[in-house]
């Protein structure tokens, strides 16, 4: 009997060891990737890099300002559309969970969440690029907005569902109309969760390349026009990384570093925000 | 001088097909404290919420008949207006967690975007908190959020919030059932003081509370208003057998 | 005061109705978007569907110059990369889920691991692809030389590795949620009978979460199928199919997503473009079905 228990215990410890090993092994690729990007990319950052457009092949001294500005404009434009629409749909879903519209909308959110980003790009090509006759930042933003929607909707819905009904009742009983109850009580109480959903969706979309391949396309020049093609960080990385020129590779490394810093910062901000702004219920 | 403030005429309430409040006729006078008691599921809370039109906010909930507030049928009036005119205090204290104590008291104005001068706001806040016997305890922390308050204090904050709207009628839905005994008695003492300026209708699960605080008591059973009488009378010599059974504890 | 109050309430009623209508409209907008995606894909694939019929799905040749289109190479590439990635990732996802769900749900070490996993999910796929191109590919090339295979470096195997890393967080986070849902009484009963930690995991937790974990696999698969950029950069962009299993796995290929990414802007005639869109339609339908099945299993599991 003693030996049996002994071997069972050893087995238990052995399997725990395997599990711990595999679990923590995952940190290795992350560290390798991060370190490599930092090593290759950080050295590229200087004022010239941040303020110039890419240099033509053969010349050194280019920068990525067109991509920086482009990403900023397109993501902001996408957010301006996706945030109100997403929040509205999220509010509807949390307020009317048992209607048929809620069922089908929820289904569509799940579908949209799983649609490959390249498919979104294809569709927006036919919706906006072909009719307008040109690649454009507008179509790029549209594709990004579509990708942001499921994240904003789900986080709004889930945050608001956690709020107790008594909050709504208190406001309604004071003679506050429904829209003010939602906008002045419910949404502010769920602010932390909703905001974190928004920042997460931005962090997700700022690194998306596929939806921009045939919508915003890319632009070697600095452009502020939303009806013309526009460069973006991930697209620049893609184009220059797959080119045969070392100078362009360097630009891509620098851009990767900046993109990584953005994305990681946004994720950290999200975590801090959720903790700080959580309304004590 | 008696004057009717609330009168229900053949009032019925439903949840879908479920007939929860059956043909209630009742007349309540100004400055009365009315207790509404009965066993679980008897429809007393549903009836209460029909008065300020909170009942219909539940999906599938409907009502028939009239409830007259100062002679006007609330079901012919603007529901938002009705709710603003009638105050309500709930079973679980529910101050707004994103607002300070000060803001909670004037929430009825704040959330509606009604412009009130700072001086007037201060007056309303102080008066309401005083009437709710909470002023002394919170006057130095008005701009903090109310999460540090005890259950009893939070409930009194909710009462202050309701009073700030200057209603004539305040509805209470089992207001002390979530409170400890000490807080309960402080709220019950409040009923006595509020009576001078307001009419109170208090749904309670607690017979003894009904006997303690009210002028008249209404007894609901299975959706019907079985008996409505002077409180002393009802508890010493009830007319209906069902009331007698309830009071003597045959069911609860 | 009373009149002003009444006026206010009356105007508020109108805004109330407007607000409720806006909420409904935005939800309907979402329906329209998804419907629109599907309809657009179908309409634009129609020329190809009409011309090539169902044989398109197992046609082995993809030659735009001669207008011959067969999706089989890309179906193969997609399935191979996804399944190999799944196989590689499952032990890791499981291990993380079991560790964070059962062994060590709280504490600084568990937070560290949790944050690491979330970080992996946060890194954009283009960065994985870029890194893979410059670090992983040379490594694989050396490996291939040692194994006596043509040292492409790029190919299905390389793409699968990167894909595996990218889908681990999805399986892991779902697994953690599921494992945490195992009711304590069940586990405590087993411990009370003298079971060791591992025995409880193997005979209580794993069976209990089996269907949920299967759903996790499905959702990870759905994610892998749609992944584009990292795969595009590492898979080699060729429509030819290798002649032996070894050459297929270690040779260049294409997935449905990567061929669209590579050739969409070059498609200059209708049949070409339409054939590519049809690939997009297939991709759309497959990922939608897999995701919905996965989500349905999970809702059923969590409602139990």
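By letter and in written order, the chains are A, B and C; residue numbering begins at 1 in each of them.
Rule of thumb we're sticking to: a contact is a pair of C-beta atoms (placed from the backbone, for glycine too) under 8 Å apart; a residue touches a chain by one contact, two chains touch by 3 or more.
Just so you know, these numbers come straight off a predicted model, no measurement behind them.
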Most remote chain, CA-based centroid, reference being chain C: B
Selected pair, greater C-beta contact count between A-C and A-B: A-C
Geometric centre: closest chain by C-alpha means: A
Chain B-chain C separation of Cα centroids, rounded to whole Å: 54
Length of the line joining the C-alpha centres of chain A and chain B, rounded to whole Å: 48
Centroid distance [mean C-alpha coordinates] between chain C and chain A, Å: 16
Residue numbers of chain A (touch at least two other chains): 175, 177, 180
Numbers and ranges of chain C residues touching at least 2 other chains: 9, 12-13, 16
Overlap residues in chain B, where contacts from two or more other chains coincide: 80-81, 84-85, 112
Of all residues in chain C, those that touch chain A in their complex: 9, 12-13, 15-16, 18-20, 22-31, 33-34, 36-37, 40-41, 44, 91-92, 94-96, 98-100, 103, 113, 116-120, 122-131, 133-135, 165, 168, 194, 196-199, 201, 222-223, 225-229, 233, 257, 260-261, 264-265, 277, 280, 283-284, 287-288, 290-292, 295
Interfacial residue positions of chain B with respect to chain C in the complex: 78-81, 84-85, 112, 114
Chain C partner contacts - residues on chain A that touch it in the complex: 5, 8-9, 11-12, 14-16, 18-27, 29-30, 32-33, 36-37, 84-85, 88-89, 91-93, 95, 101-102, 104-105, 107-120, 122-123, 125-127, 146, 149, 153, 175, 177-180, 182, 203, 206-210, 213-214, 234, 237-238, 241-242, 249, 252-253, 256, 259-260, 263-264, 267
Footprint of chain B on chain A - complex, ascending: 98, 164, 166-167, 169-177, 180-181, 184-185, 188-189, 191, 279-281
Footprint of chain A on chain B - complex, ascending: 52, 54, 57, 59, 80-85, 87-88, 90, 92, 94-98, 107-108, 111-113, 145, 147, 158, 161-162, 165
